[in-house]
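In the two complexes that follow, chain A is the common piece, with chain B as its partner first and chain C second.
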Partner chain A sequence: MRMSTRAKTAVLAVVIVLVSAGVPSPTRSADPGPIKVALLAPTSGSAAAAGHDMVAGWQLFWKEHGGKVAGRTVETVVYDTASNPTHALDQARHAVEADGAQMIVGPYLANEGLAVAPYAVQHRIPLFLPTVSADDLSQRQASAFVIKVAGWSSSLPTHVAGVWAYEQGYRKVVTLANSYAFGYENAGGFAQTFAQKGGKITDQIWAPLGTADYTPYISRIQAAAPDALFVEMVGADAVHFLQQWSSLGLKSKIPLIANETTTDQSNIRSISPEIVEGITSFGHFAEGRDTPATRAFIDKYGKAEGVLPSYMATSFYTAAQWIAQAIENVHGNTGDVGTLLQAVRQIKLADSPFGPMTLDQYGCPLENVYVRRVTATTGDAAKYAKTWNVVTKTYPHVSQFWTWKPSDYLKQPVYSPSYQGYTK
Partner chain B sequence: MTLQRRWLIAAGAGFIVALVLPRVGVPTFYISLLTQAWIYAIVAMSLDLLVGFTGLVNFSQAALFGVGAYAVAIAATRYHVVDFFPVVCIGIIAAVVTAAIFGLVALRSEGVGFIIITIALNEIVWGLAYQWVSVSGGDNGITGIVRPPVGPFDVSANTGYYYVCLAFFVISLILLSIIVRSPFGLVLKGVRETPRRMRALGYNVWLYRYFAMMISAGFAGLAGVLFAWYNQFVGPTSLSLDQSTQILIMVILGGIGTLYGQLFGALVVVFLSNELSAVTQRWEMVLGVVYFVVVMYAPGGLVVLVPRLWARLRGLRPAVERT
Partner chain C sequence: MDLRFFAQNALGGLAYGSLLFLIASGLTLVFGLMRIINLAQTAFYLLGAYVGLTLVAHGFDFWLSSVAGGVVTMVLGLAVYSAFLHRYHADPLTSLLLTLGFALILDDGILALWGGDPRSVSPPPMLRGSIQIGTLVFPEYWLAVIAISFTVAAIMFVSLRRTMLGVIIRASVDDEEMARGLGVDVNRAFYVVFAAGALIAGIGGLLGGPITSAYPGLDGELTPLAFAVVIVGGMGSLTGALVGSILIGLVNAFGKAMFPELSYFTIFVPVALIMAFRPQGLFGRKQ
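Coming up: the complex of A and B.
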């Protein structure tokens, strides 16, 4: 028996209408249902590797805890931001308005975070930012709804780096950073405290994100012959830079003061050890930190993923732990946004894979900053990676405002190419 | 005659449906996606004026769209010009002026040369948005753009803004339809078909193309303005080459040279990219396959499918089907 074309088309049309209109409306009952969390992560696009780590860290925690907290199921939906702020915003709308998400965790990139934040504030949805480090989201644009849970501000570790560099006896330093907000803020944090101590920034180089050939920049640095180079790189840029820095023979000539991302585990795991060993960097995370909390986490993560965790994975694991504890404290009653936010703000992690963490009133953690050195892995970690970042010095309880009074610090503009915190 | 009438009825019915949608309990998220589709449809139609009616494949449409969007952001955050109609005018003028400069450079060549130059121009504007931090906010873009009221109407909520964008879409569609049917539009079609013959007939082909680019830019700039208010944020990705390509995809999907078809192109791209990315991580691949299938099996765009489907439903043209 064959259906006529007309009948087939009619059936098709009916099916389309039913599928598009036939979403059943949920029946109301006493059961509050699952806690819906939207995890915004770039699982495609330029930052896909980071997105993968974020999801892995988050899910590792919930797998350990059976996906439940305070007797309620936590339902996480991962939304792909495609490394694009406009798409991130679309996904936030989808999560909140179509899927009823009660909170947003993520996204990854600063520009994604800045796009999503006003939306979250407008819709009174808690936005937790474990990796978005844009200074202003916890400074000049701080909001009650936006909290850098287990997060950081870009210039927080580099303020420390500037002071440290001066104490090492460096007086003339060149900075090299990617020409976007994260680079400006990393370099600015360093430049401001270094110059304030009396050091001289002799040159500041901005390289476009996605530069494959750093040779011209490296020649310029060589010509300037500084005492040290401050460098901020992310992802593939970090890998390219470190390889070229070493192969052009500068690694043994000019000391590097790297930011957190340059020597993050996600980058150094793909580079041969002699290229990276001995490099000093500054971060709020060090996978080689020798304490029970960090060791336990890298061990778990290694077993699950077969590699050592990046700071992105660690941030999302710790954020999950943090948020779970807050939900526990409000007895699973996440309906009242104000109470939930307050509970999140009151959490004090005595120790975490990052170390102790508490929030300041602007929504950024007070946290340890580690002076880190890349060395060969030892013990169990050697199963998962050849090199890692170990701690050579700890600056405890560092504020995003370093030693300034917040009100004074906030009077200066956010770091940009035209404002780096010192007079040229 | 009857065909045209049928289209008018369909358009009227569509318009009424669009008017009542927010009133019949469609979730705000879908209202918000439809709003986005109206906006993208305007910029896709503006590109169709060039691709479909003038024969210029312009890859810098996102730059003009973005100039409109940045104009809103800069006017609002730096100069505190926030009123609705003045800002719309500023956005349109900014885009037209940009196109006037683009045209001087790009129209020195035709065909592939034109495409390459427009790609380069788009990259230049993107580079400015990305690197000129003191003006554009760089990679972070500009946030804090507030939707102003339209006269007495508050449009800060999704529904109000939906009607604003719908109105501008309808106005743009009508204006562009008038333009392409006018003597000016007929000359554009002549330029598209045989520029050499038009030259021989004494038409200044360069000037017609130049005007077409500026008119097109006006609509692209308008869409950019609406887009900036829609997202309440502007960043360099809204004027990237990717965005230009996406606008061109909407034109191709919808049906080159149809204008109204661009609405379907915009709807498909907006809805698919939002819905698919929630379903699968490989959504961009699926999108690619969809585009491929449409171009292979409906090279005239989605609009040719509508009458075909309609005819089949009414049993008028069952013979067309091949088995």
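Coming up: the complex of A and C.
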């Protein structure tokens, strides 16, 4: 059965109201025992580095707070998803059915999130997604049980990038992104707003994730001679691309407009400064943001881990802060799922390591988007890294729907190679 | 297609192919001689890279670190061979499973020891520049990788053709039983070949670092390419490994640049064609 978007929105609203009204809470015994949280993270497999950061960020918060909130102990169990959606789903099932987890935080990869979400919805288990950014989990497949706590949608920062690029005077841009959902959504967000302003996307290249040799793609981009290149890369692909882009001499010739992950701290910390310094990127996090909330966090994280935090670590720290505050607000009564979810939705972080955050009704934060530039670290941060992303401009309170009305935006399909938001 | 585009991809493909040769040469010789399919060969490459980059981070010379990475890898390779693999000659299925297991252990060991962040490697200081001819820019270091791989290939060819050990290896590949019957110490040849394969792959790890960087899982991405080289060139043939590496390197470069939406397809089309029309590979012998 197909529903119109408006109907879906209405149904969603009704569901939220019903859930919020409250399922009758179970009779409370004197000692409710610990709050059991399942943390799904890829601690092995291709995304193991991210998994490590997620766990480190989450545990840093609870260590600071003695593992307690509202007088109750919070018991976190880490389940390894092995960077694999099937395994992630098995682990979620095991956490809930065998170990009695009351909420799930994580996993990391979009495909893991898409595998776990239907299970959480069916079993009425709150699923908090600090890093899974698949657009549709807070858009066309939004659910009352799934919330991108301290999270984001992939195309949220790149909508801004498209507008910014046009304002810089760029008119012909090529995009290079990995051929999977995250890449399509990053490139699509950029392409749609850039083309809407009047810019021209002259070529879109999709490279398989795990490409070691980017030089043929770079050679093709050089032949196209665009005004700028929009690029989305993650993990080792980002390292390969940035190294090869610089060694083929293009860094000084074609300006880069990078997405968040390309210059994430987890990638640039291992790259020589001259390869990355000066690159512009767009993200909802900037470890070099000069405000007390961000500074205090990177300082704590540096002391604990010896490096500056990636956005993954920061997401899980902030998610812990967010969820703890919600548990506080319901006085530790997490047994009532509806009340808990409503409390989570009502949290307004005046300032977090990301900046101010509140949720829209689809479960994605309204948040700052930073135009970032990679520069040499200064002050205390220099102890932990050579380079970081500092803020050159802030777009406050950005919605995943950018400036469109949600109902209009949701009429278009999710970004894919065949739909990038403009007509070719 | 302008001249710059052509030259850039030709050189890039050659450099990447040279790197593949360092991995595939060991793979093909070990198979030719012992009928062992060594799935841990690319994990050897990765181990060499990590040992090498750790030494470089401690201030050691780049070339020395690269060789040290190779030696550590060779020692480990020999341990694996003498403790387990030597029992499974001519038993491809068992050796395949066994080496797959070692690849997984190595990969997770690397993850535990070095963490999962991708590590980039800078070329040695004297090779950090680029040459520029018109609009063509090409890193000096990549030219060095091409030169080193061709030198390694030359040394291997000469050793195989002109030394006594080479004669023994070739005789054992051709007819192991006959060689044994003539009193040749075939076992020694086995050890030497396995050690050399691990050594070269391990040295290649740091040499390739500035191109492929290093991260757990890199081995899994290189394995299909290394096997593509061996299949195209012909199992057991060193000439085949060289020609196959260059071919796969060039096809990879031009395929991606001209048909970016078909990148894996363009690599495995030649593999499929060769399997269909010349299953023994370009330089392999009919079984």
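Methods note: the second predicted complex is superposed on the first by the 395 of 424 C-alpha atoms of A that agree within 3 Å, B and C clash if a C-alpha of one lies under 4 Å from a C-alpha of the other, contacts with A are read in each partner's own complex, and residues count from 1 in each chain.
As a convention for this text, contacts are C-beta pairs under 8 Å (C-beta built on N, C-alpha and C of every residue); 3 or more make two chains touch, one makes a residue touch a chain.
Just so it is clear, the structure is predicted and the values come from calculations on it, not from any experiment.
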Chain B versus chain C as contact partner of A:118, first or second or both or neither: first
Touched partner set for A:97, first chain B, second chain C, both or neither: first
Contacts of A:44 with chain B and chain C, given as first, second, both or neither: both
Partner chain(s) touched by A:82 [first = chain B, second = chain C, both, neither]: first
Which superposed partner A:418 touches (first chain B, second chain C, both, neither): first
Partner chain(s) touched by A:345 [first = chain B, second = chain C, both, neither]: neither
Which of chain B and chain C A:180 touches, first, second, both or neither: first
Touched partner set for A:235, first chain B, second chain C, both or neither: second
Footprint overlap on chain A, where chain B in one structure and chain C in the other make contact: 44, 208
Complex contact set, residues of chain A against chain C: 44-52, 205-208, 210-213, 215-217, 219-220, 222-223, 235-236, 238-240, 243-244, 247-250, 266-267, 269-272, 275
Partner chain A, residues of chain B touching it in the complex: 27-30, 32, 36, 130-131, 133-134, 138-141, 143-144, 231-233, 235, 237-238, 273-274, 277-278, 281, 283-284, 309, 312-313, 315, 318, 321
Chain C - residues contacting chain A, complex: 2, 4-5, 8-9, 12-13, 16, 108, 111, 115-120, 122, 130, 132, 135, 137-139, 141-142, 210-213, 215-218, 221-222, 252-258, 260-261, 263-264
Parts of chain A lying in touch with chain B, wherever the complex brings them together: 4-6, 9-10, 13, 43-44, 77-80, 82, 84-87, 89-91, 93-94, 96-99, 110-111, 114-115, 117-119, 134, 141, 179-181, 184, 208-209, 416-418
